[in-house]
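The same subunit A turns up in both complexes below, where it pairs with subunit B and then with subunit C.
Up next is the complex of A and B:
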């Protein structure tokens, strides 16, 4: 009788013993911690954007996008009479776009070609070597890139600070990102697609041009946009290569300004402090849009 | 090996003493000789790793994509040695359809059909192109299903439709021979039945060589069957004889499900 009783009376506690409650508690504790820390991380992003908007928005007007910065005396007069600082950062905006455009022209073809090479010959020793070197290049501090370009381009080629030197420095920084993203995007293409093209009697270089590149286009594009948004804020290499320019310049061999360079100049001039925030807001907004665009393209990937 | 002269129709392909090795010493195909007759369906059967896919790929030299391959022997396509032709020309004469449907994801249905022309920069008049697309899609009985969405991406189609699209893409070049590598193994029974009907229909115009894991499929649609085992061509018969009265013990064992 005793034995039968103990067997028939199965309590909930037998199936879910005591430690089940403890597990649940631990689980919730961990979940709570994860949410807490991720909220802190997210809030930093919003705090940064929020601060920039609050401090910078009143400087952003038509003149901000169409005029060059004022001299320090004008800025001081405006400040002391309680007005916003006149002028804008058009020389920085055009300079940044110019530098990025030239850098992309240099880096994108090289990057894509090297990426394709790495994908096609992934196990060859030379490819492994290039891949390692690419990783090293990605780790080179930007100031070092700036110094080297100063030595090679500024001193010997353009004989002075120039757009070309700045673009060369930025291109070197873009290269590893484009190489790796091209290779990764191509790796996502199923081999069967390549075979389909080859089975149609397509010569190999056309398989690359007509199948591999179009199919991995969104991946390559994402990589390019992320690389651009990465180099847009670079300041150190530009200080050593393009220096800055108070006016708009389209001459490749002459110095040019850039938004991050202007931010640094404003920082060093107590009368210009207000322009820091609006310039930073502009830079941040631009980079943010590029990032969102990259994410959107990546999400539309149709593989 | 038995003599493989079972043909009633004129031969279009003849394989002569073909051996294919990976890494110099691993023989995937051992001294295979066979002739494939025109306007027939030839099924290649055998257990996994018996070399049937390698043999099929050797017919349009796709096996050369694998690293460290060495090939001896010859294959003749109506008296031309395919190993002396350019692969580009050869592959236009011998089309291929793969195990998994692989339409080009960046191209529309229309462009997928004429992909062979587009990739090779062969310029066609619009009317010619339209005609190729229409006849190729009609040949694979896909026309009625897609004629209103020709400019949608090919990847929106169902698996069976995609596979028929891939067959249409292979047909667009008007090849002599079509090679199919387990074309229905990724498809459901209804889509499979459609493809099988289609293949039987297509043999009026083309010669079809098909690798299949599915013995009943071979029995249903093929005219001649090859049985391969460990890289050797064990038996090559007309399908009825092979399924009712196999000559070799190994063929019988495979067909009755004792191994494979």
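Up next is the complex of A and C:
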């Protein structure tokens, strides 16, 4: 049986003024534009990573992680006979890890201490000053950091390009990120927790070490990982401070290589083009993993 | 500072950069112009994309799974090292620009500005997100109840309220663009001339330091360091302006 609808249908135009259709159209058009441009933005991530994977994967092999890069001639020979370029970027990998390790050793304790100071004395004049300086430091272009470290460390302390200089530059770039994340993480700690510890007569250093740092640990860790992933791919300051080294080096006062520096060298050498992509893929993978790890820790904290 | 004694204020307005022995003359104007030109271009290109993305995350798909995926991806964009952008620009973007016939070599202000735009999108997005999200719901609901469409709410309620936050985020992104080194160095063509148009080659302050630092000594080194100082002053001023706007907003 069919139910007949006897009610007269009310048309939209009866309720809304004439131009409603146009307004609605504009509204939808704008939504479309927003989605379109957002898609363009995120498509760059896939485009870039996709390019790296497609062009870089066939150079990734055991030798890539265990050998130093070949000289131009060997690379040219391998290329002309259609083989993959022998050798790898072990000097870059060890160099990057070494630089990051030393930079972290310098920046993490200082960063956390300064962060705690800012949290504990947030309204003092000196703390505000330090906070402003940290902001300035965060905005300094990386190449300017490189220049400054060159003038101070390379010229006067190590008297030549060195691991120490490179680490100092990277540490300067890490500091503001760590200070900020420490302070933000500490702000999330409930005051009652701290007061409880103080009420028990705990000395101040123990309050910091046993209460403040453990409770804000995941926040600080996120900041540290993000800072490391940020400095890992830095090339410009390293060009002015560590220069590069064709062999593995563990001496603090001697030049060292790093993955981004090697990429720059390969880029300037037409025979090494294939190595560029695998090195970039490796660097990108490393940075990506650190980034996602930091995100994961941050997400776990918020649950 | 050797170069300050040597050139004085003329360093800022001279556009000659000549490292030939015995005929040395250095001026920073062409690099300042190149830097500002690429960065402003990058900002203009990044504007629609960053604005759309922050509306996507902060308004249209707020607190949904889609928004969190998009914001993670945008954050990843910030995590990609500068040199990788440079390589990608050199091997993918540059041939593309040549193939669609915009420029013969693919180097130049436009290519550099384009890659810079991609690099600064995440910086421009993240802060505008938060300020768009911070617009009180009551205001939006009031507008909706008057029959406003979503676009009208965005235009008449959200934008005026989040204005300063959005402006600050673009200023900070601009500061970021000024100091970018390698990606620009690989794409701008490194010609020591004042850029004449969108597809002209040029040079920026950061990339001249990166390019010439290795061989420089004496007066040239000193001039490069002075350029570094100028770059520092300019970026710090820009950042301070951004921070000032944020403070005023809070």
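A few points about this structure:
Following the convention adopted for this analysis, the second predicted complex is superposed on the first by the 267 of 303 C-alpha atoms of A that agree within 3 Å, B and C clash if a C-alpha of one lies under 4 Å from a C-alpha of the other, contacts with A are read in each partner's own complex, and residues count from 1 in each chain.
Convention: contacts are C-beta pairs under 8 Å (C-beta built on N, C-alpha and C of every residue); 3 or more make two chains touch, one makes a residue touch a chain.
Being a predicted model, the structure only gives us computed values, none of them experimental.
Overlaying the two complexes via subunit A leaves subunit B and subunit C side by side, clear of any clash. Once the two complexes are overlaid on the shared chain, A:196 sits against subunit B while remaining clear of subunit C. Angle at subunit A between subunit B and subunit C, computed from CA centres in the superposed arrangement: 120 degrees, to the nearest 10. In the superposition on chain A, A:72 contacts neither subunit B nor subunit C.
In the superposed model, A:207 lies in contact with subunit B only, and not with subunit C. Comparing subunit C and subunit B on the residues of subunit A they touch gives the larger count to C. By the touch criterion defined above, A:121 reaches neither subunit B nor subunit C. In the superposition on chain A, contact is made by A:215 with subunit B only, not with subunit C. Judged by the touch definition given at the top, the superposed model places A:251 against neither subunit B nor subunit C. After superposing the two complexes on chain A, the closest approach between C-alpha atoms of subunit B and subunit C comes to 25 Å.
Contact residues of subunit A toward subunit B in the complex are 190, 192-193, 195-203, 206-207, 210-211, 214-215, 217, 302-303. The residues of subunit B lying in touch with subunit A in their complex are 60, 62, 65, 87-92, 95-96, 98-100, 102-106, 115-116, 118-121, 153, 155, 166, 169-170, 173. Against subunit C, the residues of subunit A that register as touching in their complex are 16, 23-24, 26-27, 30-31, 33-38, 40-42, 44-45, 47-48, 51-52, 135-136, 139-144, 147-148, 150-151, 229-230, 232-236, 239-240, 260, 263-264, 267, 276, 280, 283-284, 287-288, 291, 295.
On the side of subunit C, the complex with subunit A involves touching residues 48-53, 55-56, 60, 70, 72-77, 79-85, 87-88, 90-92, 118, 121, 125, 147, 149-152, 154, 172, 175-176, 178-182, 186, 206, 209-210, 213-214, 224-225, 228, 231-232, 235-236, 238-240, 243.
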